[in-house]
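Each in C-alpha cells, the structures are laid out below.
Look for chain A in each of the two complexes below; its partner is chain B in the first and chain C in the second.
Take a look at the complex of A and B:
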C-alpha cells in the first residue's frame, strides 16, 4: 500500500479508525481488492510506479459524516480526495492526484433534493448521476431537460466542478455557469452555503446566483478548497420543437466565413443550440449530429486529400476543389440547432439561411424537425444529449469494429481552447501536425473543433490509453509537447488528465505565476494541513510544495 | 502495491476473455461472492440502472455493438439480457475489473448483494 509523504502507518491506522467511527465499518474500504476499485481505469500511467492510487476509501452518507471525515483527516494528516460519481474517466476517474490519499467517495449521497418545474431548477447531491436525475425528473412528471455531457454516467455536481460541457442551449451546456447556489464542507469541517443560501431563511437559493459580496462559487471549481455537498442547477424547459439545419460550403477557403457566420448567429441568439462543423469530403461527421450517435467513420480517406487540408496552399486548394467536383461531397458542413416553438424555429432557420447566403454556392438540406417526447425508434437512432437525455452511446467510438478487432481500454484528451475563427482552425491543425510528425506518431485526420463554449472553440484530440507502458510513455510525451507548444501560441487547456495538471498549471504563468501563487495563498488559508485533494488542478498545499514556494 | 490482480484472478480473467463465456453450462447456479442466492427481481433493477444503457439491444448500445462483432458466426447473443450462459463468477469479474472501455464498478455503486441479484437475474430460467 502507498501512503502519502509524511504519513506513517500509525497515522494511517488512526485515520481509518476515525473514518470507521464517522461513517460505519461497512463504508470504509482498506482491502487491496476494494481499494483497487478506485483505480483510474483509463490511467495513462497504468501499472507504472507513478500511477496514482489510493490507500483507502471512505463513503459518507450525509453532510454530517463528511464533516466528521474532515475532522479525522485534520487530526491525522491523511489527505482525502473527494469524488462525486467517480466517472471523470479520461481526466482522472476515481483515483486521487496524490497517491496514498484516501478517496472520499460521495456516491452514497445520491438524493435529488428538489425539482422545481416552475423555476426550472433542481437541487442535487454529488452522488446523483445524470441518469439518476433524468429518471427523477421523468418520475416527477416535470417537463425539464437536463443538459448532459457525453457520456452521461457522471455527476451534475462533479461535471460542473470540473467545468464540463454539454449540448443544448449555451446557458445550460456550460455546466458550471448553469449552477445556482452550492453547499460546501470546508477543510476545517465548517459548512458554507453560497449565493442566497448564505441567508438562513432564503427563499431564492436556486433563483438568484450571486447573493451578497464576492461571488466565490468559482473558487470551488477545478480546485481543492472544499467538498461540495449540494448544488442547484437551472434546467431547460422542454421546447415544443427542435430544428436541425445543415449547411454545406464547397471551397476550402470558405471555412473562416462559415465559422464567423455561425458565431454571429449564436451570439445574436438566432441559433440557440450547439453548432458544429464537419467535412463530408474528409468523412468527418459533425459532433453531436442528431442523425447519428456513431462517431466519425474510420474508413480510409485518400491521403492526398488529408494532406491538402493540412497544407492549404494554392495547389492544395486546387486539389480539394477538384475532389469536391469529382465526388459531389462538400468541403465543409455546419450544423445549427434551434429549440423553441415550431413557428419560431422555422423562422430562425430562414434568418440563418439569409446570413449563410453570403458564402458563394452555399447549400442547405431540408431541416429536420423533432417534437417531444421522441419515439422509441428515434431514441434508438438519435444523439440523445441533443435532446436532454443522458446516454453512453458515445463509447461507440472505441468499441471493437471490423477495422479494430481489439477495443480501446481507455482514452485521454488534449483539449486546448482556441479562438473561434476558421483561421485558428487551420493554424492549430498545422502546428499540431508538426508535433505528431516529430514524435513519430501517425498524423490524425484534419481536426475540427467542438463548439461547447459560446465565444471560443475547443480543439479536442483524443489519445488512447493502453496497458502498454512504452506506448503510454510515447503518448504522454506527445501531449506534454502539445501543451507546451499550444501555450507558446496562446492556446490553453480547459481541463486535463491528472498526469498533466502541473504542466498545464505552469502554462498559466502570467506575472511570475501570479495565478498559481494566488491559488496557493487561498489553499494555505483554508486548508493549512493540506488534507483536501493535494495537487488537484496543480494546486499543492504548503506541505507538498517542493521547496515551499509560498 | 498497484496491481489488484493476483495471478489467480488474472488466470480466471484470461479464461473468460479468450474462451468466451459460452463454455459454461446454461443456467449455472447464481452463487454470489458470499455464496448466497440473489433476488432476480431486484437484479433486473440493478441491470436497468447500471448495465442496460450499454448492453441492451440496438445501435445506441456500445457494449452490444462490440460483442456483436466478437460473437459473429457463433451462437452467442450480443445483448446481455439474452444470454443464458453467464455464471455469477464471470459477471462479478467483469463488474469488479471492467473490460475494454467499461471501467470497474465500486461497492458504493453496485453492492455485493446487488451483484448477486444481478447475477440471479441474468441466470434466471427462461
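Take a look at the complex of A and C:
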C-alpha cells in the first residue's frame, strides 16, 4: 500500500479508525481488492511507479458524514480525494492525484432533490448519474431535456466541476455554465452555500446564480477548495422540433468562410444547437451527427490527399480540387442544428442558408426534422445526447486503425482551446503534424475541432493508453511536447489527464505564474493542512510544494 | 433503492483491473454455465456477425433482453434492478464496448466477468466486435450481498 508523503502507518490507521466512526465500518474500504477498483482503468502510467493509486476509500451517506470525514482528515493529515460517480475516464478516472490519498466516494449521495419543470431546473447530489437524472425527469413527467456527455453514466456534478461539455444548446452544453447554486463542504468542515443559497430559506437558489457579492462558484471547478455536495442545474425545455441542416463547400480555401459564418450564426442566436465541421473527402465525420456518431477511421484515405490537407499550398489545393471533381465528395461539410417550434427552425434554416450562400458553389442537403418523443426506430439510429438522452453507445467504437494498430485499453486526450477561425485550424494542424513527425508517431488524419464552447474551438487529439510501458512513455512524451509547443503559440488546454496537471498549469504562467500563486494563496487559506485533493489541476498545498509530491 | 456496499466501492474501470489481475475464464464453452443466467443480454445490431455464439446462448432457454447498439438504458434500469434484488448471473452477446460497460456496472454489485470469448476468429476483443460473456457473483468475496 502506498501512503502519501508525511503520513506514517500509525497516522493512516488513526485516519481509518476515524473514518469508520464517521461513516460506519462497512463504508470504509481498505482491502487491496476493494481499493484496486479505484485505479484509473485508462491510466497512461499503468503499473509504473508513478501510477496514481489510493490507499483507502470512504463513502459518506450525507453532508454530515462528509463534514465528519473532513475533521478526521484534518486531525490525521491523510488527504482525501472526492469523486462523484468516478467515471472521469480519459482524464483520471477515480484515482487520486496524490498517491496514497483516500478516495472520498460520494456515490451514496444519489438523490435528485428537486425537479422544477416550470422553471426548468433541478437540484442534485454528486452520486446522481445522467441516467439517474434522465429517469427521474421522465418519471416525474417533466418535459425537460438533460444535456449529457457521450458516456451518460457520469455525474452531472462531477462533469460540471471538471468543466465538461455536452451537445445541445450552448447555455446547457457548457455544463459548468449551466449550473445555478452549489453547496460545498469546506476543508475545515464548514458548510457553504453559494448564490441565493447563502440566504436561509432562499426561494430562488436554482433561479438566480450570483447572489450578493463576489460570485465564487468558479473557485470550486477544476480545483481542490472543497467538496461539492449539491448543485442546481438549468435544464432545456423539450423543444417542439429539431432541424439538422447540412452544408457542403468544395474548395480547400472555403474553410475560413465556413467557420466564420457558422460562428456568426451561432453568436447571433440563429443556429442554437451545437454546430460541427467535417470533410467528406477525408472521411472526417462531424461530431454528434445524428446520422452517425461513430469516430473517424480515415485509414482508407489516399495518402496524397491526406498530406495535401496538411500542406495546403498551391499544388495541394490543385490536388484536392481534382479529387473533389473526381469523387463528388466535398472538401468540407458543416452541420448546424436548430431547436424550437417547427415553423421557427425552418425559418432559421432558411436564414442560415442565405448567409452560407456567400461561399461560391455552396450546397445543402434537405434538412432532417425531428419531433418528440423520438420513435423507437429513430432512437436506434440517432446520436442520443443530441436529443437530451444519455447513452453508452460511444463505448462500441474502437480507435484502433491502420495508423494506430497497437492494442489499446483506453484513451487520453490532448485538448487545447484554439481561436474559432479556419486559419487557426490550418495552423494548428501544421504545428501538431511537425511534432508527430519529430516524435516518430504516425501522422493522424487532418483534425477538425469540436464546437462545444461558444466563440472558441477545441482541438481534441486522442492518444491510446495501453498496458505497454514503452508505448505509454512514448505517448506521454508526445503529449508533453504538444502541451509546451501549443502554449508557445497561445493555445492552452481546457482539461487534461492527471499525469499532465502540472505541465498544463505551468503554461498558464502570465505574470510570473500569478494565477498559480493566486490558487495557492486560496488553497493555503482554505485548506492549511492540505487535505483535499492535493495536486488536483496543478494546485498543491504548502506541505507538498517543496517537491514532496510522490 | 439504497446503494449496496459493493455498488459504492467499485468506481474505477473494473474491466481493466480484472484483466490486469489475470482473472481466468472458468468455463470451456458458452453453453456450460456454472449457474444458469437469469437473463441473456443481446445486441440486435450484431446480426449475422454473432450468429454462432447466439445459437449457443439461445439454447439455454432463458429470458432475453435485447437492445440495439446502446446498452445504456438496459444497463442503468434493467440490470440495476435485477442485481439490486440479488446477485444473479447474466450472460451476454454484445460488442466488446458494451461488455466494458456491463462489467464496470456489475462490479458495483459484486459480480465479475468469468467468461469472455470473442466471436470473430483471429481478432482480439475490441469495442466494436462481438463477444459472448458471463457475469457471475464474485464468490471469493464473502461479504458480497451480506452487507448490501
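What we mean here is this: the second predicted complex is superposed on the first by the 533 of 550 C-alpha atoms of A that agree within 3 Å, B and C clash if a C-alpha of one lies under 4 Å from a C-alpha of the other, contacts with A are read in each partner's own complex, and residues count from 1 in each chain.
Everything that follows uses one rule, which is that a contact is a pair of C-beta atoms (placed from the backbone, for glycine too) under 8 Å apart; a residue touches a chain by one contact, two chains touch by 3 or more.
Owing to the predicted nature of the structure, the values given are computational and were not obtained by experimental measurement.
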item: Chain C versus chain B on the shared chain A, clash or fit after superposition; value: clash
item: Partner chain(s) touched by A:467 [first = chain B, second = chain C, both, neither]; value: second
item: Touched partner set for A:108, first chain B, second chain C, both or neither; value: both
item: Partner chain(s) touched by A:95 [first = chain B, second = chain C, both, neither]; value: second
item: Contacts of A:434 with chain B and chain C, given as first, second, both or neither; value: neither
item: Touching partner for A:256 - first (chain B), second (chain C), both, neither; value: neither
item: Touched partner set for A:51, first chain B, second chain C, both or neither; value: first
item: First, second, both or neither for A:445, with chain B first and chain C second; value: neither
item: Chain B and chain C footprints on chain A, overlapping residues; value: 27, 29, 33-34, 36-39, 41-42, 47, 57, 59, 85-87, 89, 93-94, 105, 107-108, 127, 131, 153, 380, 384, 391-396, 398, 400, 407, 409-410
item: In the complex, chain B residues that touch chain A; value: 1-4, 49, 53-54, 58-63, 65-67, 69-70, 96, 98, 100-101, 103-109
item: Interface residues, chain A side, partner chain C - complex; value: 26-27, 29, 33-34, 36-42, 46-47, 57, 59, 83, 85-87, 89, 93-95, 103, 105, 107-108, 110, 127, 129, 131-132, 135, 152-153, 380, 384, 390-398, 400, 407, 409-410, 467
item: Touching residues (chain side chain C, partner chain A) in the complex; value: 2-3, 5, 7-17, 19-21, 45, 68-73, 75-77, 95-98, 100-101, 104-105, 107, 124, 126-128, 141, 147
item: Residues of chain A defined as touching chain B within the complex; value: 1-2, 27, 29, 32-39, 41-42, 47, 49, 51, 53, 57, 59, 85-87, 89, 93-94, 105, 107-108, 127, 131, 153, 293-294, 379-381, 384, 391-396, 398-402, 405, 407-411
